[in-house]
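What follows is a set of notes on a single structure, which appears directly below.
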Amino acid sequence: MPLIIKDEYPENLFREDGKRLDGRDVNELRPIKMEVGVIKNADGSAYLEWGNNKIFATVYGPREVHPHHLAKPDKGVLRVFYRMATFSVFDRKRPAPGRREKEISMIVADCIEPLLFLELYPGTSFEVFIEVIDADGGTRCASTTVAALALADAGIPMKSLVSALAVGKIDGKKVVDLSGIEDKAGEADFPIAITWYNEEISLLQFDGDMDLEEMNEFLDLAKNALKDVHQIQLEALKSKYIKLQEETIQTKENNDKKGDE
Amino acid sequence: MPLIIKDEYPENLFREDGKRLDGRDVNELRPIKMEVGVIKNADGSAYLEWGNNKIFATVYGPREVHPHHLAKPDKGVLRVFYRMATFSVFDRKRPAPGRREKEISMIVADCIEPLLFLELYPGTSFEVFIEVIDADGGTRCASTTVAALALADAGIPMKSLVSALAVGKIDGKKVVDLSGIEDKAGEADFPIAITWYNEEISLLQFDGDMDLEEMNEFLDLAKNALKDVHQIQLEALKSKYIKLQEETIQTKENNDKKGDE
Amino acid sequence: MPLIIKDEYPENLFREDGKRLDGRDVNELRPIKMEVGVIKNADGSAYLEWGNNKIFATVYGPREVHPHHLAKPDKGVLRVFYRMATFSVFDRKRPAPGRREKEISMIVADCIEPLLFLELYPGTSFEVFIEVIDADGGTRCASTTVAALALADAGIPMKSLVSALAVGKIDGKKVVDLSGIEDKAGEADFPIAITWYNEEISLLQFDGDMDLEEMNEFLDLAKNALKDVHQIQLEALKSKYIKLQEETIQTKENNDKKGDE
Amino acid sequence: MMDVRRIISKIERDYIVSNLKKEERIDGRGLWEYREFQIKSDTITSAEGSADVSLGDTRIITGLKYEVGEPFPDLPNEGVCTVMAELLPIASPLFERGPPDEQSIELARVVDRGIRHADCVQTKQLCIKENEAVYILFVDMYVINYAGNLIDAGGVGALTTLISAHIPEGKWNDEKKVTEWTGKYLTGKTIVKELPFVMTYGKIEDIIFLDPSLPEELVCDGKISISVTENKITSIQKSGSATFNIDEIKMLGSKSLEIGKKLRKELNLLQYLSEIK
Amino acid sequence: MMDVRRIISKIERDYIVSNLKKEERIDGRGLWEYREFQIKSDTITSAEGSADVSLGDTRIITGLKYEVGEPFPDLPNEGVCTVMAELLPIASPLFERGPPDEQSIELARVVDRGIRHADCVQTKQLCIKENEAVYILFVDMYVINYAGNLIDAGGVGALTTLISAHIPEGKWNDEKKVTEWTGKYLTGKTIVKELPFVMTYGKIEDIIFLDPSLPEELVCDGKISISVTENKITSIQKSGSATFNIDEIKMLGSKSLEIGKKLRKELNLLQYLSEIK
Amino acid sequence: MMDVRRIISKIERDYIVSNLKKEERIDGRGLWEYREFQIKSDTITSAEGSADVSLGDTRIITGLKYEVGEPFPDLPNEGVCTVMAELLPIASPLFERGPPDEQSIELARVVDRGIRHADCVQTKQLCIKENEAVYILFVDMYVINYAGNLIDAGGVGALTTLISAHIPEGKWNDEKKVTEWTGKYLTGKTIVKELPFVMTYGKIEDIIFLDPSLPEELVCDGKISISVTENKITSIQKSGSATFNIDEIKMLGSKSLEIGKKLRKELNLLQYLSEIK
């Protein structure tokens, strides 16, 4: 059904001052905010805001596999379910999960699986649920990033975190961290994830047009930017432990006070 | 797709002589007919005509739960499946069960469950199938009423029967037992069920607009009318036993005659 | 959605020289080609071209039944899955299997089951997959015919083959082996299968209009034509064994040569 | 009567077969005898035609609904009549809930074909305005009690439902491009021409018999349904793994014409014509 | 707090019930006391209105989307407002993936009815051009954390979302037969009139209490939800196998009007009106 | 050849890996060597273009169908080309019946993206009349035998199918507002411009190799597919849990351009242009 306003894209993706439409430089990230432990019912959880993306991830596991026939005798099973809220995009998304959601679930799973020691958990499963409540370009990368955080929050042993972002080409220039508009109106989109324990690429997709030299430049550009994303992830985890520590101190102080009374 | 005649409602729901459109007084029930044992394959069954409603209910159980994982170790499981025939309504209903059918299934189950001693039947299930072949307003109440009869016909121990009907407001007046037209064109619909073993309310839904005093009047109105519905249920069960008795006598007589030959 | 060219049928189904539109006499078959062992992964397979029909059939079994609850303790289970490719017909078929595909699956299963000794395979299943990649009228008969071949290719013990074809009435004349056009534009379609071990009819469907005498003529016409179809099936099996023999000889010669070196 | 609530055992099968071999049936009928038909018409207020048909303990309630739609481009002046069947779980502990299973698909299909190929429904009478508006009829069958041979009961039910039809008569308003009501009704008198009957036979080993009851149906190797008009065979459908020799088919063709004649007379379905005009 | 990740045991049930009998609750509340409401509005950039509502640990994010469509023929100058709910598997280990289950259908239905029957959404204000174009609003609720009483949290979430609305205002172009943007926005001020609140009570044995937490919800026999405007009861929905005597119902009607008044004042939802014009 | 009918065992895995470490493969190929391609075009009478492509024992039959529809509002003068894939249960005991599984979705998606982003299909040539009528092409792939690396075989199949196209040419009749046949056909010559090839590599531990056979595919940690035109990389898709270091990616980019050139020359797909005019 038609909408009153169209989802139109601008002719130019750079302003006259050479900055991108949202004021960023070519190699500048959008604002990123991460937090862990946000959903009390889950074994682990994380929340991320990345530009206008707003994404929750929760982890349940290791737990019994349901349905049973999916269990594997020699290792744990990782299952990722990526979903988008109906109101997370310009045109209301239909409530039922679509092919795109299944595809991204698979992509995120491929990025997370190398991080885990699934062989230590035969017969069990880890379920990762990702819910995008506001989407703005780069959701698959942002989801990979926040899913890794949620796993860490659950205290599941991991080789390292994984971080992901998209580089791309807009108006002929290479940029990092495509926004929603840049993703749709640009010439090329190149989502990349790096697993930090071996510094290797675990997500790689490209649609566009590039020669070899360009590809090499993209890869280097992405790696540099991903280091910053990784740093933000680590800080989110750190601040959880600081908070826990403070709570412990607080509790101790309270108890001490009580003792005084 | 369009129909040639529209499902139109009249401006007034009362005639000039003060009677409702079908000639009833405000506190008069539509004609009701009930019969048990109508479907030979079932463990219990009942058929009800209530105004133009025509509804079959059958009961199967206690029997093995299928699928197995629905079984409960500490009590029996009650499952109710309410369905409407495609031709039971003005606009042909689509054959697949819709949300409304699932909702009413749940409502009927909530009314019947308090009647049963499910804790005596661990690991088994009772299935109640309700098929509306002609619908005329108040199908959820009529279905609850006939389902209780089918359970009794199956010989399943029950604390009591349950009876249900809708009171409501039409043209500003409170009436009992809304007909299809009154339900659609009226101002308020208030379906109520009473379980007779404790004289408490087990179905209560309201959509409309009433103050406290009105609510109290509605509840009293409903209770009075439900006593009549209950009486008809009891008579249907009684007439079954009378019929059985007659058959036994008949058989006996025949046997006697044979013996005479 | 509309197509540019319509799927139109001619006014007359006979040419001026008395031949059918494709040059055949009333009792002449379309060109038929059969081959077994065409799909390497399968336990048995066959490929058939019959007029413009192009059909693959594969057999897997006897193997474990999946899902388990379909297994029968006293005999093997035969399951037939008939499917048509989207591009096998004039108007693109929707990818999901339709009712017609389920119906034909059942029909083919009914023709094949009498041939097998299922009682010798309790707890196991035989799966027959039929894929029509090009359709031209008489696909249910052609599918039955090629499925029997695939079973034979799998080395599964059979009482005999089964052969099927459609006779029918076009422009008032009785003919054998209706082509796609004749099927759609003709007056009657009469698919018939014969199981050769008892020379009985295992597939019989008719839609049209005939008196008793006509029916009898149809049955005789079909039986004669089916003998030819059966012959072609037998030759396809024979040529497999000839090929196998040649390969064995070839291998032997090669080995001999190697031995000479 | 035999308990139909579970799969028939080997012993029961042998009992049924040995009876049939003596040309006897477990309910006392002869091989070519129908159970009793009971027919009520126009029982459903919300439907534009209906029938409540019992054949022995088998009971099917059928209703007619209509919609107005555009005709198919290649048949611009013909309406459409579709047949659906559902085997309600109320009807038997053997049925399951869920999408139409094979048995209900078969019931709908055989009844549909019996009607479709016999010049029964006058689809040209279902045209309101060429290229613009035609009736789409839905003949929906619900099995209320399942005691064998749904097809023959369903065939009579569908036919009676169509005969009892009373559909608002539409007139095309060319200016507004809509269908309007004339105030009158279209009835079975206009819609139905031929009365095709479908007869179903069971086969166990080499014995053939009319109108299988449920226990017979559960043990038989296969069935064959034959639709006939006054003098013609209009549809045949074999199902199951039974095979028939050519002489048996010829015999059944002849039998069906004969039994069809008898049924046509006895049931006298035209008595159920709607009187609404 | 009690571990909500598994089915409540008999011992826990007894503990909850014995507390309630003393008019005490496991989280320290009184029988007629709500947990704390926390409300943020317009948090979703892609939505035309949104709310992030917590009721204790229960958290629901609700968003508004719109489409322009033709009105229903019988309501040619009224728009449509639909409510959907999804219980995300992220929200609890008790939920499963898949099509909407009974609990999310109930959540959507009770919230929808609370809104629909209270003259809350001004559907006539959602008409762009009679017979031609109206707004279709989608109020979609996603449960982010499940800690009991989704309905009351969802009710406040849906209402806040509608109040925070900023939908592009359309004007009908009669020549082109399309809706065009005026450059302005339709806000909650125009769309929302009445503010209905829904209150849910649990019942265990003969004890009734407001705002069941998750452990209470898992052990209770049933619930009843009552929607009220300033002075009227507009919707009632009983669920579960609990039964209520008539006096209890009368008492709950009265209680609901009283608590509704308090909530209306404390939450002051009109503060969330969008300022976009 | 190894038995592909069951999950590969640990022993088989070790055997494959130890061979690969010696730069040897179980079917005797080198690491960067394709199995043999066999191509037949226009084999399906009912399709408007088709191809029967084998890559070793992997075999895929692809057909083209068309419909005429309205263009998307934002692309008023462009047709549409969609790609679907189905892994038939006839093709392998490993496949199951049912809705498209992940593997067939991946096959369709990678082939689709290889075509879509390489300026292959001239969607503007698929416009019959701006804003009114465009062609919608369906390129549907059916896997007949599954012996590894469906993507590269499917890519060649889809391309050959499009090249072999012969679609009735439509002309817009502005009076009747319908598309009419000109009597001529639209062929691959008009529709297809660029010829993108997709190359798939497997990775096991730190060994990378072209065109995985089925046993290799079953044991490998992951795959990467790279689509190239004459001089450009147009699409990349990594799948599975293998990770690649940056130098490996750079090497594979270079390899793909090189192998693509060779394939383009050897297969000479333009020989399959339809001669119907």
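The chains carry the letters A, B, C, D, E and F, assigned in the order they are written, with residues numbered from 1 in each.
Everything that follows uses one rule, which is that a residue touches a chain if its C-beta (ideal position, glycine included) is under 8 Å from a C-beta of that chain, and two chains touch if they have at least 3 such contacts.
Note that the structure is a prediction, hence the values are computed from the model and not measured.
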Self-check item: Other chains in touch with both chain D and chain F
Solution: C
Quiz item: Within the chain touch network, how many edges lie on the shortest path between chain A and chain E?
Solution: 1
Quiz item: Looking at B-D and B-E, which pair shares more C-beta contacts?
Solution: B-D
Quiz item: Approximately how many whole Å separate the CA-defined centres of chain B and chain F?
Solution: 59
Quiz item: If you average the CA atoms of chain C and of chain F, how far apart do the two points sit, in angstrom?
Solution: 30
Quiz item: Between chain B and chain C, what is the gap in Å from one C-alpha centre to the other?
Solution: 53
Practice problem: At least two other chains touched by the same residue of chain F: list those residues. | Solution: none
Quiz item: When you check chain C against every other chain, which residues touch at least two of them?
Solution: none
Quiz item: Based on which chains are in contact, what kind of graph results: line, ring, star, complete or other?
Solution: ring
Exercise. Quick one: what's the order of chains around the ring if we set off from chain C and go to chain D first?
Key: C, D, B, E, A, F
Quiz item: For chain F, which residues count as touching chain C in their complex?
Solution: 4-5, 43-47, 50, 57, 61, 63-69, 84, 86, 88-93, 97, 99-100, 136, 138, 140, 142, 144-147, 167-170, 178-181
Quiz item: Along chain D, where are the residues that touch chain C in the complex?
Solution: 74, 102, 105-106, 109, 113, 116-117, 222, 224, 231-246, 249-250, 253-254, 257
Quiz item: In the complex of these two chains, what residues of chain C are touching chain F?
Solution: 1-5, 39-42, 45, 52, 54, 56-58, 60, 63, 81, 83, 85-90, 92, 95-96, 127, 129-131, 133-136
Exercise. Using the touch definition up top, name the residues of chain C that touch chain D in the complex.
Key: 6, 99, 102-103, 106, 110, 113-114, 195, 198-212, 215-216, 219-220, 223
